[in-house]
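Please find the structures below.
There are two complexes below, and they share chain A, which is joined by chain B in the first and by chain C in the second.
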Partner chain A sequence: MDESAKTGRPLAKRNLLLNPKVVPYVFIAPFLIFFLVIYLYPFISTILMSFQRIDGPNSVEWIGTANYQKMFNRNFKQALATTFRYAFWDVVVLTIVPLIFAVILNSSNVKFPSFFKSLYFVPALTSTIVVGIVFRLAFGTLPTAPANRLLALFGQPAKDWLMFPDSGNFVLILLTLWRWMGVNIIYYISGLQAIPTDLYEAAKIDGANSVQQFLHISLPGIKPVLIYVITITVLGGFAMFTESVALWAQNNPGGVGRTIVGYMYLMGFYKNNMGMASAVGLVLLGLVLAVNLIQLIAMGFFRKED
Partner chain B sequence: MKKILAILLAMAMLASLGITAFADEEPIHLTLWTFQELHTQLYKEMLDRWNANPDNPKLDIDMQVYPYEDMHNKLTIALQTGEGAPDIVDIEINMFANYLKGDIQLADMNDIVEPMEDHLIMSRFNNYAKDGKFYGIDHHIGACIVFYNTEILEEAGINYKDIKTWDDYHEAGKVVLEKTAKPMCTWESKDCWSIYPLVNQHGGDWLTPDNEVRMDEQVVIDTLAFMKSMLDDGTAVACPGGNHHAEEYYGWMGAGGAASVSMPFWYLNRFTDYMPDLAGKMKVAPMPLWSDGGHKSAQMGGTGTAVVKTSKNVDVAKEWLAYATLSFEGCVATWQILGFDPIMTDVYGSEEMKAPNPFFDYYGDDIFDVLQGVLDDIPDTCLTDMFPTAADIVRNQMAYDLVITGLSPEEIAHNCAEELRDAM
Partner chain C sequence: MKHSNRIDGRRQRVKTILYTTLMFITAALLMVPFYFMFLSSLKPGTEMLRNGLSLTFDPGVSSFKNYEALNTYREGIYWSWYKSSLIIMVLQTAVGLVLSSMVGYGLAMYRFKGRNAVFTLVLILMMVPFEILLLPLYRMLIKAHLTDTYFGVILPYLVPPFMIFFFRQYVLGLPKELLEAARIDGCSDYGVFFRIMVPNMIPAYGAMTILSCMNSWNNLLWPLIVLNSNEKFTIPIGMGTTITPYGNAFDVLMPGAVMAVVPIIIVYLFAQKTFIAGLTSGSVKG
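Entry: the complex of A and B
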């Protein structure tokens, strides 16, 4: 006796959900709906808005490429420079320093490695705003600020750290490093631990010193992790916003603290110019995509494995 | 049996609902957003007084305080989408022009403002007006005055009352610097409260009502040149922390860092709240005058409290707001609770304003004599839809170039004016 006779329901309808052609779509439906509503719709709407002048819910005007033409002013170039300067140092510092720490923590010479691992990870759990305030005061204007006291120990004059592009960027990088180093250390350690120990033993027998071991075994071994870390650091570098807001709030003395995201925010919310903000956002998207592509190609991500 | 029980229960529920509905008049619920927690002290007081009057419809106002940027962002989005906006909202003066674009989502207040016109300082309402309609009510004039640290000045042998012009001020600064090694004042390097009041008092502004840029006019250059001359000889220094609202500045100034600071009237409560050690030492005085013209003071800062058009209770919200901010007792409470210079001319000189309060204890009781001396000559500020952009340039470029990079006044004015023109 078949199923439909037992339950009294039409066979076709019941089987629709069991149909192997339908089931996969049912399973991916939650993601698909989420993606369409939360990502794709705003994305398309941003593209459309970048060609509009929006003065309120009922006054939207198509203005062609005017937003893009007006965008490249001094403020935008300044924001671009700030972003690139930050992203560059962010990638350099946040790839290299955690790698050094990870190698040290992974070596057998360190006592209580898990204690140090958690210690380095703790800053990642703190609030950026709180950390920002602490850093802002630590690198304050007055000679009594902690950073200036430190300078005084070396006989250096007090510095107005957050007022100049280079020292401002230094504080920003320091904040990011302090906060995110632990996360990258964890990535690297997991990569390092996946390398079989007999490789090192063999190298030792062949007389390789620890620098050679690092260059010829550890580094190639963690290459996928390295690519991953660099990719997310590039992304994070270009998307950085909270850190600069925590240090400078809405102020941007001489272009020190305003990144492209900050500029987008300024345009959209402070000046209520959503059209321009959308255009800036799309230019940022293009930039990040280009930089990431170049970096992935350079690191051989798309090359076929031999 | 069960059925009867159910019916009885249902009846009991209905009855209880009916009883509560009749026993107490259901208050009208309103939502109010503000970015300034201090304001809620005034609102709460005025709400209690409103509800105490049996003739008024009962109100229940949910006052929500958000950080400055969060609140304005939320409001932008709520008005943009037409959903989720509050009934009443505090909008900061620099941001107000953003909400007067296109199809204005705020209710006009002419019906409550116009009847009071003769009693109010109307230039404060023009800041929040467009095409003859008023959209916001301010709480203060924000007249700029100078706060002097008399302890430092006495040490240098200077009586602050003798300082009449900005040149006197500069000369006094040189004596102070020589005798006490302290600067006369601080100029902000990342905010507008040093440059804008001086320029405005001197007769300048950033824009004309038609959005013509005035930033490179001679009066701006002259004002910047004066400020730079004080920086050059050390009588003025860069403000610690970058502006007069920085924690670092409060600590430094509170420990006797500089001999004076020029700020709007509402800065009274910053001294009482954040620099209590200076109580009894600080005195207020009018701004020094420019020898080549200009005005006695400038009106700076402000908050336009607005009613949102989509509110279901626009009328009652306006009525309450008129009571809280445009009535005689509302204006007196504004002084007593917030320490602001009220927008109603009638209150000045009245007995109610002379009642003892913490501000008189801190500064002495001649605060209003100082204020009344300047009220007749305060210029309007010109807040067009480009004002937020102009203010951003002044904060981030003009102040920075003046105080930190030390460019020449002509260069600064020229660069900033160009930047503003580019943004048009």
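Entry: the complex of A and C
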């Protein structure tokens, strides 16, 4: 039965927006406009800028691949190393630790699981900059800083935590783990709860222990969630900036803790070298996409499920 | 048989105690930074400069005086930062929820030409580090005279791809018959969306509200680029300015940090049930 016959309105008079062929496009229109203005146009312009020398809005010079050739100096390599070190540990720690907690919380062996779930999420609500101040002081240079007192308990000398790449990275990972653990736990639990319980019952009857159950039922069951978590973590790891600003200053002279995004910001806004900053940004994009592509292939994302 | 059951039961109980204790210890550790923050907010800045953080509560030097200093520090600029952060958070979240839920709904509910292409695009954008587009976006803002405005700050977050993705997944779990039935009742497709689908998507809205508020409240890089007048700064930018090579304004920093955490925790406490349910049950209807 035709709708217009019911409502009594002639078809021709009806708004074009109500045409069933048009309706879906109205719904997705905000995204299409957003994509063109916020992603596509800036993306094309950043590619163009990476081949330019920009000394102001009216002084643009095409310089070919010079930005890319000049890019690999000491400071950039340092930022690259910092980013890789952080991204690697970020992915390892933030994939595995929350998974362990999620499995424990999802088993029937814990009292008040929803209380813990809610509580573990609270750190994610805080601003990294604000909490970073606490971490900075906790790992401060004073011998009375909490971390150094902890070392003293074990008879170790006080440490200048944030002055060295490795211990600095440790504090960064700790800050990230503190803030983000609860989020990943919730993602994992959502995956674990979707697994039918009779699979576990059957495995128990077959005599599988809890490790075997985890490896053969839980892990394959949460694969989509696992892929999602790893993909997001790779992105977050390589694009990290705020955590580094929180622990070090925006423009710290030694460059310890400066990431690729930090270096890009330094080039674009402090050194006013927009062309170089664009080239750095594109290298970052290439890195993230390459690492995620390798990861997705390794996880069998493109393989057809059997 | 009976005997081994009893051993199993005892083993089970030991396991429960062990795991629950582990969870408690972890929870306590996670709360330590909050404890530091609160204790330090009660101490005079000079005490902080001399001794740094300490876990001990010293009633002799502790008071709520610092919280009053928030009102007087640079003519109460802290509250201007606070207001900016709140305005940006509310605007960004409201617009983001409306637009991305529409898009997610469109992608999940209709079959149309180009649907898969659009969805693939959403997935790809979720993997693009947004930070690399900030420079050209900033140049665009200059041309459009939008620097130093709140609209400029929220512009890149009007239709966040991760929200589209989430809403799409959620709507896939809603029965399509809802649409058919309402159409037969003479409701337009937009009427169906606003009157019937939106109420069915509340858990998804709850989850996305919290995530969006978190992102906005914590955002540093883009607001830092866009805003340049002191009273429009957000809390993260403003707090950053109190840390200088010549010493940190701890009197403001610590109570400011505590006050910055409070509103978002209040939002969380209220929406917490919907939030966790929304995040965990993308496919289960709420």
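Basically, the second predicted complex is superposed on the first by the 274 of 306 C-alpha atoms of A that agree within 3 Å, B and C clash if a C-alpha of one lies under 4 Å from a C-alpha of the other, contacts with A are read in each partner's own complex, and residues count from 1 in each chain.
Criterion: a contact is a pair of C-beta atoms (placed from the backbone, for glycine too) under 8 Å apart; a residue touches a chain by one contact, two chains touch by 3 or more.
Treat the numbers as computed from the prediction; the structure is a model and nothing was measured.
Judged by the touch definition given at the top, the superposed model places A:Leu142 against both chain B and chain C.
When the two structures are aligned on the shared chain, A:Ser59 is found in touch with chain B, with no touch to chain C. Of the two partner chains placed by superposition, chain B and chain C are both touched by A:Phe269. When both complexes are overlaid on chain A, the residue A:Ser114 reaches chain C alone and has no touch with chain B.
Of the two partner chains, chain B is the only one that A:Asp160 touches; chain C does not reach it.
Between chain B and chain C, C touches the greater number of residues of chain A.
When the two structures are aligned on the shared chain, A:Tyr187 is found in touch with chain C, with no touch to chain B. In the superposed model, A:Asn73 makes contact with chain B only, not with chain C. Contact with chain B, but none with chain C, is seen for A:Gly255 once the two complexes are overlaid on the shared chain.
The contact surfaces that chain B and chain C form on chain A in the two complexes overlap at residues 57, 137, 140, 142, 145, 250, 269, 274. By the touch rule above, chain A contacts chain C in their complex via residues 3, 6-7, 18, 20-21, 23-28, 30-32, 34-35, 38-39, 41-43, 45-46, 49, 57, 101, 104-105, 107, 109-112, 114, 116-131, 133-135, 137-138, 140, 142, 144-146, 178, 181-182, 186-187, 189-190, 193-194, 231-232, 235, 238-239, 241-242, 245, 249-250, 261, 264-265, 268-269, 274, 277-278, 281-282, 284-285, 288-289, 292. The part of chain B that touches chain A in the complex is made up of residues 69, 72-73, 76, 79-82, 95, 98-99, 101-105, 189-191, 238, 240-243, 247-248, 251-252, 388-389, 392, 395-397, 399-401, 404-405, 419, 422-423.
For chain A in complex with chain B, the touching residues are 54-59, 70, 73-75, 137, 140-142, 145, 160, 162-164, 248, 250-255, 258, 266, 269-272, 274.
Across the complex, chain A is touched by residues 12, 15-16, 19-20, 22-23, 26-27, 30-31, 33, 36-37, 40, 48, 51-55, 99-100, 102-103, 105-107, 109-110, 112, 115, 118, 121-122, 125-137, 139-140, 142, 155-156, 158-159, 164, 183, 186, 188-190, 193, 210, 214, 217-218, 220-221, 225, 235-236, 239-240, 243, 245, 248, 253-254, 256-257, 260-261, 264-265, 268, 272, 276, 279-283 of chain C.
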